[in-house]
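Have a look at this one before I ask anything.
Chain nomenclature is as follows: A, B, C, D, E, F and G, assigned in order of appearance, with residue numbering initiated at 1 for each chain independently.
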Amino acid sequence: MEGQNQSKEAMPRPLDALNESRGKQVMVELKNGKQFVGKLIAFDIHINTVLEDAQELEAGEVKRNIGKVFIRGDTIVIISPSA
Amino acid sequence: MEGQNQSKEAMPRPLDALNESRGKQVMVELKNGKQFVGKLIAFDIHINTVLEDAQELEAGEVKRNIGKVFIRGDTIVIISPSA
Amino acid sequence: MEGQNQSKEAMPRPLDALNESRGKQVMVELKNGKQFVGKLIAFDIHINTVLEDAQELEAGEVKRNIGKVFIRGDTIVIISPSA
Amino acid sequence: MEGQNQSKEAMPRPLDALNESRGKQVMVELKNGKQFVGKLIAFDIHINTVLEDAQELEAGEVKRNIGKVFIRGDTIVIISPSA
Amino acid sequence: MEGQNQSKEAMPRPLDALNESRGKQVMVELKNGKQFVGKLIAFDIHINTVLEDAQELEAGEVKRNIGKVFIRGDTIVIISPSA
Amino acid sequence: MEGQNQSKEAMPRPLDALNESRGKQVMVELKNGKQFVGKLIAFDIHINTVLEDAQELEAGEVKRNIGKVFIRGDTIVIISPSA
Amino acid sequence: MEGQNQSKEAMPRPLDALNESRGKQVMVELKNGKQFVGKLIAFDIHINTVLEDAQELEAGEVKRNIGKVFIRGDTIVIISPSA
């Protein structure tokens, strides 16, 4: 049962990986195609997410500054560190 | 296990961040593209949200005044302070 | 932890706010774009909702009278007092 | 806390209101736009619903008779008494 | 509280009604518009359903024979006895 | 209460029926219209499914070989033995 | 009850199968049609997934490098080893 042993040993959890981006700049893409960049300050198990100093992007360009923003988790597709 | 320690220490929760906007003007964007601005007076873990003195916006313009409005949480994309 | 204290004190719940409209005229907007007005006589935690003396509206005009109507909660976007 | 007291006293539940239509003719509208009329013989908390002597309607006209029909609750928008 | 009494007495459950079709020919309509007819041999509380000697229909005509088929419950709109 | 007795006796469960296809060739159709054929090696209560020696089909033709594939259960419409 | 015995004996679980790809290159396809390839470093029961050294593909070509990426599980269709 190799799979299970691996699983009990060392499997990192996705939310721990996400936590490594806390306090850092991330890019969030939503199901409706919108993109936000900002500092990741909070998330929970539903992936409800709060960004600070956030900007909404359109085709890679800043569309507007929105400061702090709460994003409902079920609308999120991906979160990645923004370079 | 740096990620986990960070998590136990100081991770703010998204709903606490949202709570900082209680009693203040917020902008709520819905999955159907509608936007509401108003005073945030209540929300719950499903992000069911109640605004007071609310207005529905269309392309940034006030479309109508609707007073108090209950918004079902699963229709919400983002909530942000409105400047 | 100002946010948490506020939360424990005085945070009204969205369903209590909705309950203030019980027995009164409300407008319900659905995800499919339909609108119903009627007297709010019941709702539950899923926002399953029952209206009495209800009318379906189309572009602000009465399309038909439907008397009592049970609306499944997951189809609802907003509920607001109708003036 | 007027809202809460009202709630504990006398709030009828949507499923009790629906139950008043048991054994009677109802009209069921689905998310895909289909309409069924028939005698309401069963429903549960998911609003899974069974009609007897049911007919599918199209633009208010009978499209076909389907006898008994089980309707999955999550496809339902509204249920109302049919006159 | 007439509604509640009725409810405790005699309310048949939708899954019991569905069970009366076990071993018989049924027609299943899916959210994507597909239709299957076949012998209903199993279903569960999610309405996951298994048909035997099943056929996929298109515009009322047999499109193909598929033998046994497992249908995920959340894709189902209605199940009705097929005459 | 004939329905209930039948139910307690002998009702096969959909996942047991699906289990009869374990180790055999099946065809899986997804909500996005994609089709996969392969050997069914694992599934769970969410219908998360793993196929081995799998092929993606397009209009009945092999589009590509993908070896092992994990399919998220909520994207699945039907699973049937492939002849 | 052959099906049940098989089930208790030896049924591998989909997440164990997925775990065999941990630390290896996988391809993830999303409901919105996007494709990511990268090293699978974490997933959970919701299929929330984290890839490292990830690339977004478009029509089989690399569209952009995104480093680490958290993918919300409910947006995923399939995960397969990438050759």
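We take it that a contact is a pair of C-beta atoms (placed from the backbone, for glycine too) under 8 Å apart; a residue touches a chain by one contact, two chains touch by 3 or more.
For clarity, every value in this text was computed on a predicted model and none was experimentally measured.
Asker: Along touching chains only, what is the step distance from subunit A to subunit F?
Answerer: Counted as steps through touching chains, the separation is 2.
Asker: What's the rotation, in steps of 5°, that superposes subunit F's Cα atoms on subunit G?
Answerer: Best-fit rotation on C-alpha atoms: 50 degrees.
Asker: Would you kindly tell me how far, in whole Å, the mean C-alpha position of subunit F lies from that of subunit B?
Answerer: Taking the mean C-alpha position of each chain, the two centres sit 40 Å apart.
Asker: Centroid of subunit C to centroid of subunit E, CA atoms only: how many Å?
Answerer: 32
Asker: When the centre of a chain is set as the mean of its C-alpha atoms, what distance in Å lies between subunit B and subunit C?
Answerer: A distance of 18 Å separates the two centres.
Asker: Mark out which residues of subunit D touch at least two other chains, giving numbers and ranges.
Answerer: 12, 15-17, 74
Asker: Going round the ring from subunit C and on to subunit D first, in what order do the chains come?
Answerer: Following the ring from subunit C in the direction of subunit D gives C, D, E, F, G, A, B.
Asker: So in the complex, which bits of subunit C are touching subunit B?
Answerer: 1-4, 6-7, 11-18, 31, 47, 73-74, 76-81, 83
Asker: Show which residues of subunit C lie in contact with subunit D when the two form their complex.
Answerer: Those residues of subunit C that touch subunit D are 12, 15-17, 19-20, 22, 30, 32, 34, 36, 41-44, 48-50, 54, 66-72, 74-75.
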